[in-house]
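One chain, subunit A, links the two complexes that follow: it is found with subunit B in the first and with subunit C in the second.
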Partner chain A sequence: MNAQIIGQMAVSGALMGLVYALIAYGFQLTFATSKSINFGQGELVMISAFFSLTLTNLGLPYWAMVPGGLLFGAIMGLVVERAGVRLALEQKSEGWILLSIIIGLFFFSAAENIWGRDDRPFPTPISADPIHILGVDVTRLELSVAVGVFAIMGLIELFKRRTLLGKAFEAVSADRDAAELMGISSTRTVMLSYGLSGSVAALAGILVSPITTVGPTMASALILKAFSVAVVAGLDSGFGVVLVGMFLGALESLASFYLGSGWREAPGLILLILALALRPNGVFGKATIRKV
Partner chain B sequence: MKRILLLRGAEFLVFALLATIPKFVENPYALGLLTLLAIYGILLIGLDVTVGYLGQVNLAHVAFLGLGAYAAGFVVTKLGLGMVPALLAATLVGLVLGGLLALPALRLEGPQFALATLSFAALSTTALNELEALTGGAQGLSLSRPPLFGHNLTPPLFYWLCMVLLAVVWMLMRNLLASQWGRAFEALRDSPIATDAMGVGTYAHKVAAFALGSSLGGLAGGLYAFNFQYLQPQSFTYDLMIILLLGVVLGGRKSLWGAFVGASVIVLLPNLLSNRLLFQIFSGLGFAGALAAGLQGLYRKTTRPFQALAPVVAMGLLVVGGLLVENTEDWRKAIFALMLFSVVVGLPEGIMGFLSTFLAKLFRVPHAPLPEPADIDTMLPIRPADGSALLVLDDLKRYFGGVKAVDGLSMTVRAGTIHGLIGPNGSGKSTVVNVISGLYTPTAGTMQLRGVALPIGSLYRVAQAGVARTFQNLQLFGELTALENVLVALKGVYRNPLPMVLLGLARREERSAQAQALALLELIGLREQALVKAKDLTYGAQRFLEIARALARKPDLLILDEPAAGLAHPDVLQQIEFIQRIHQRGITIILIEHHMDVVSELCDTVTVLDGGRIIAEGTPDVVQRHPKVVEAYLGQPPQPELPGGAEPLPA
Partner chain C sequence: MFRQTLCGLLLVAASGAQAADTVKIALTGPFSGGSAPMGTSARDGSKLAIAEINAAGGIQVGNKKMKIEIIERDDEAKNERGALIAQELAAMSDLSGVIGTVNTGVCMAGDKHLQEKGITKIICPAAGSASMTQWANKPDKPGVKDNSIFRFAAYDGIQSAMVVEEATNRKFTKVAVVFDSTNYGVSGRDDMLEQIKKQGNKLTVVAQEKFNIGDKDMTAQLLRAKSAGAEAILIWAIGPELAAVSNGMAKIGMKAPLIGGWTLSMSNYIDNAGKNGNGTLMPQTFIEEAITPKSKAFIDGYHKAYKVERIPSAVAAAQGYDALYILAAAVKQAGSTDTKKIKEALEDLKEPVKGVIATWSHPYTKWDPADVTTHEAFRREQVVMGMVKDGRVVFGNDADRARLIKSATTITPAKTSKTKKK
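Up next is the complex of A and B:
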């Protein structure tokens, strides 16, 4: 009985954790090309979800709404890159941290006023009826999260490996200066990474909203955990985020069960600080050699 | 002197004015705002230590405000103690928790640091909410303002208390930040590696700076608790943190006045937002200011188009939004965001940064005169060059994965000599230097300085042991002046303990430090440029300054890593002369260099590396003729029957 509850909690937690992993994957995309991440990524997830909700309310079918939401996310990602990141990168400063926080705050306030402060349900054609698999209940909705996460990560990885543009992406990630010398515009590649990262954030919003509802505060709830996953796994760990995301999701679901829901976030945060202290490059990350 | 008088006079005037206000103003609302101004002033001075001086985005400051507030509340309500223990406890909580957070966060830079502080802030909100037995949880905690030394603290008295504390904090911090400590904080921001290599521990300074800033956050929290007399965890969230950052950035980083201006803005902000007319006036002024500055920047080509136009667009949005939106209060976060954005992009120095440049131009206040340079012979006495073994490397190895960068190097550097270390690119020269100076840990082998094992894998401890180095890719403290760059590294002058520094009783040693630093600058011909920021020096001067800074360590062994790299020919000659001057003082030098003329001119002994191993050693003449050396540099010797044209190689 007890083991079954633990199993159940761990499985649904792990499936939620895939959403954190997906957002963390969005961090990796921009970190690879520009060594920067969007501190307002949670707000990007949130406004994309709200925008998709509006598309649905306008009568668009689910399968037409998803591309619309992804496009919106990509555009917002480009806005962040242009307004918050590019200048700081040109000046080789870390101003992007503050600027991306600021832009996130602006998005938050805009969403609050355009769509309201309340949490709203997000309609979806996918059923929430549980199915029994190996003694635990899993809903189709939860499974759709897993399918969506693996699909987009797989597609982007294929894109990076198989297309010319993707190879340019990899080249800039490996060595920005050398790529520039080979005629690849690093600015455009950074833009591409922010666009992709925005789409990934939008998909995370579309996948998670039917389960958690949409509201302005969903941003802060998601972002801290996504940060934890990204840092614990390592910002260049590739699929490491999936493992860490599932682990963290399961852990937090168990923590909220045993310690009370107020402590839900604690394990992730403690894990994050520990990981930063013990392995700043992450569990799956590569250690960098300092050069002078 | 005039400058000091002006600055002190302005400080005195403002504090005197603020102190007399309750005598004339009876309005409790205004008094409340002024009290908050003092509290936020202390808070922002603390935040400026990390954000301004260390240059890190610190998102945990609001947590220290909250923790300090709750600590004070706990001491008063649960322990029944008075005001003084409560404020002490609040400060202590900030100091200790700040130090504890800094310990893991200390290896981190930039985004990772921001993340660690963000997590800490979220964690402390969770704790305040959930530890209901201590904090009252979401219900909040009510407390009353205990008397101070038997006096009941009426609003004016409490205001004076806050102001006195602000004045005290102000004075202590002014002394600290103008001292070696403040310089070390700034040096850390510009180059942590060089700070360590100059024998200034990044470890201790980063923790100290963070703990100090956090303790001020805690103190401000204690005052906050007694001001509002009701605490709720929701008061100390991310939103407030953003406002605090707005205060520091808008006021101006690295400036006490900036913190003060920032605090005033924060205090007035709610009024600004609730009054429509006021908001429109201020947003209009902001727009006009951004437009004027942007156009000027574009016209003079001092700013990039984005930097000039983005603030105009943001302020324009603020103006248009102010006209369209019914309730500006609803949009307060967006308004903060637009204001912060404009400031960060368009006015990165903040209001005080802008004003101080402006005022300096207006009044042309000269810098306080510098002392006469110290006597170089007393500060850097000539050492006898006895030729004894100074540095002995034995079978030193450093592998990177499968790459054997240094593979079994044994070498002896004799006291008083210039020992050249040459070799083709990738031969392992820089790795050797990085291993000796402690940046890398050797894979195997031993290193001895004067027969004592050299510390391993710590730039800081190697520097303390008497080894100084320069960097091939310059690692100067760009925002500091040439003089300050040398001062940071200066050894053996700063002896006064922290309390003396805080109280401003360490002026004398500062003068003698300046005199010594000037003597070193004179040695390498940079005395006239002592007050120029390092980043504004010419490339050649920057290379010279690196050497002066390393000399400030008064080292037994000086490692020069390609000191002539990228220098124009006249500068190379100059550099050779400087190195000879240093050599005449009996300082042992390891010289890594590509210019063969420099090597043969200067070196007593040359060690040639290839593939991480020694291929030749001896005097420059001998080494230059060594067939293996020729082969390493030029490839296989040409076959004799090849058609001529090439110069014959020395046999």
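Up next is the complex of A and C:
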């Protein structure tokens, strides 16, 4: 069909893809410092969104609610680190995989019991009316997703490059043992990365909820896409997840338009298989040399 | 010690004597989970009717008045829970009847236990066609000869006919048919396509689009419908996805009304779609608007008893209320708490029952396995078109409103023809 429709589908898809990218970025943060990721990241997104909704319902204005939600996400990230990851890492075991899944399930049950199983609308002052840019309709809500994603990723990258704490973070990422010898506490750095990762998850929840509604199962679809994005892009390229996220989002909506909505997920999965076969470290990943 | 035991015994004796003087009615349905708005509203509607009946001394059974005793069971919309509950109820020797169930699957899993024992059940407030057609004649096997399962809901056949009719009346010619990929959605699409053919092909289907449960982004489907020139969207799905469709239409600037099944009145559609839901049309058996003294009393009563400003599902609440009154009328006519006698009375109710939806004269007739409508209470004229307006459901057509006010003021509405087929 015509270029306008292709443009429309690609743009709306890419904007949703940025949410996948943001969640994938949360994986990268913890993977960098500890080579572990939180398999319950989706539940972290969901529970932070619910918490933020509660803050809003208590009468807090949007701009005061956002920092509250981010703080809550950071605390939950720390809970995951303390309860699920630290012990496993100390014992050099892979137990964090199961533990982080279990903590995720716990969050899920808690959310069902506290907030119920219904999907609920998430009020926002940002208008959902469409604006017309170059023949494409986008809503301010969708643009806010883009602004939010780039803002938090930009801030975290700046923090990593410009502050002492951030440099410690980078040092542990580069070589944990060497960093320890230089007097950097790797445990603290891992805590920091989980806290940041939790905040990133919370922001993803706050940004996406007004579009998709809040419910206990809201993140189950998102999280699978985020995994794909993280794997395709590689687990150490922040720039890569943004590109791959937008690409995957656009691909999905174009596929559902041209192939039919039942085929929506197919191109993403094919992409995932290709990436695993051809570039196991990710399209933007660095090949690591394994010392045996 | 002896005294305490004696007191205990007396208490047991007393309660035993009391139990014999009550009419036991079970209320079942999903009181938690995603279908809870419908389940709890129906239950609370029935309870409101029970409170009224008990406050007036109970039901006249033979020569004495008996109060209603409620047995409440939450099936959580889970088929296996429904089966367990049905088995438990079927084992009760003194149960007079059952009212409830929202989900078709729960009916399919549980009702056979009740039917085997001949326990009278009125399915209310919902459940798709299969919950009744499972007892009817099929090409490969004959239906049951005697059926103790009745239904009190606007079945899918009536609804799809009304949806197509509404689109035609509103002078639309090109429509898109949109549905979810579940059994409910697909059978809704088939019903609507069949109705379009039956009503003379006045509507052209320019696009058929489907989506899955949990989908949030409907842009692709809607853009295709829009570029094909659809003037209205005929839709069969449930709450959250319906809301995603309305919100998606607002985004791409598509101005076409949604017309579809009664699920468009679910609170999780209305709340999540917000102002984008305005103008959506769906068949309703009851509108939460106090147009007659009877409906005002019911709505006020519900709001006061359950401390709400809006009934979570007004349709379910009103159906629960009327179903209970119909069952109570059958108990009175049978002059017994025996569920089999109540079933016979239900198939031949002599006196019209004044409900909040309508005055029900002879709602059911003797079961005929070739015609499920013998055990269906609703006919086309008891269903109206509802429209979403600013977070509430109002009358979609003023004519319906006027008709209901008029029929409430006349003494007995004309008896519905039983030969009319769906």
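In this text, the second predicted complex is superposed on the first by the 286 of 292 C-alpha atoms of A that agree within 3 Å, B and C clash if a C-alpha of one lies under 4 Å from a C-alpha of the other, contacts with A are read in each partner's own complex, and residues count from 1 in each chain.
Keep this in mind: a contact is a pair of C-beta atoms (placed from the backbone, for glycine too) under 8 Å apart; a residue touches a chain by one contact, two chains touch by 3 or more.
These figures come from a predicted structure and were not determined experimentally.
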Look at A:Met46 in the shared chain and tell me whether it touches subunit B only, subunit C only, both, or neither; answer first, second, both or neither.
-> neither
Touching partner for A:Leu224 - first (subunit B), second (subunit C), both, neither | first
Should A:Gly262 be classified as contacting the first partner (subunit B), the second (subunit C), both, or neither?
-> both
Scan A:Ala233 for contacts with subunit B and subunit C and give back first, second, both or neither.
-> neither
Subunit B versus subunit C as contact partner of A:Ser253, first or second or both or neither | second
Look at the residues of subunit A and decide whether subunit B or subunit C touches more of them.
-> B
Regarding the shared-chain residue A:Met191, is it in contact with subunit B (first), subunit C (second), both, or neither?
-> neither
Regarding the shared-chain residue A:Ser36, is it in contact with subunit B (first), subunit C (second), both, or neither?
-> first
Does the superposition put A:Val80 against subunit B (first), subunit C (second), both, or neither?
-> neither
On subunit A, the residue positions that both subunit B and subunit C contact, one per complex = 220, 262
Contacting residues of subunit A [partner subunit B, same complex] | 36-37, 39, 83, 86-87, 90, 94-95, 97-99, 101-103, 105-106, 108-110, 112-113, 220, 224, 227-228, 231, 260, 262-263, 265-266, 269-270, 272-274, 276-277, 280, 289-290, 292
Hey, which residues of subunit A end up touching subunit C in the complex?
-> 1, 5, 8-9, 12-13, 16, 117-121, 128-130, 137, 139, 211-213, 215, 217, 220-221, 253, 256-257, 261-262, 264
Residues of subunit C touching subunit A in their complex?
-> 32-34, 36, 181, 209-212, 214-217, 219-221, 223-224, 227, 239-240, 243-244, 247, 250-253, 268, 271-272, 274, 276
Name, in rising order, each residue of subunit B that touches subunit A in their complex.
-> 55, 57, 101, 103-105, 107-108, 110-112, 114-116, 118-120, 122-123, 126, 129-130, 193, 238, 242, 245, 249, 304, 306-307, 310, 325, 330-338, 340-341, 344-345, 348, 400, 430, 434, 439, 471-473, 475
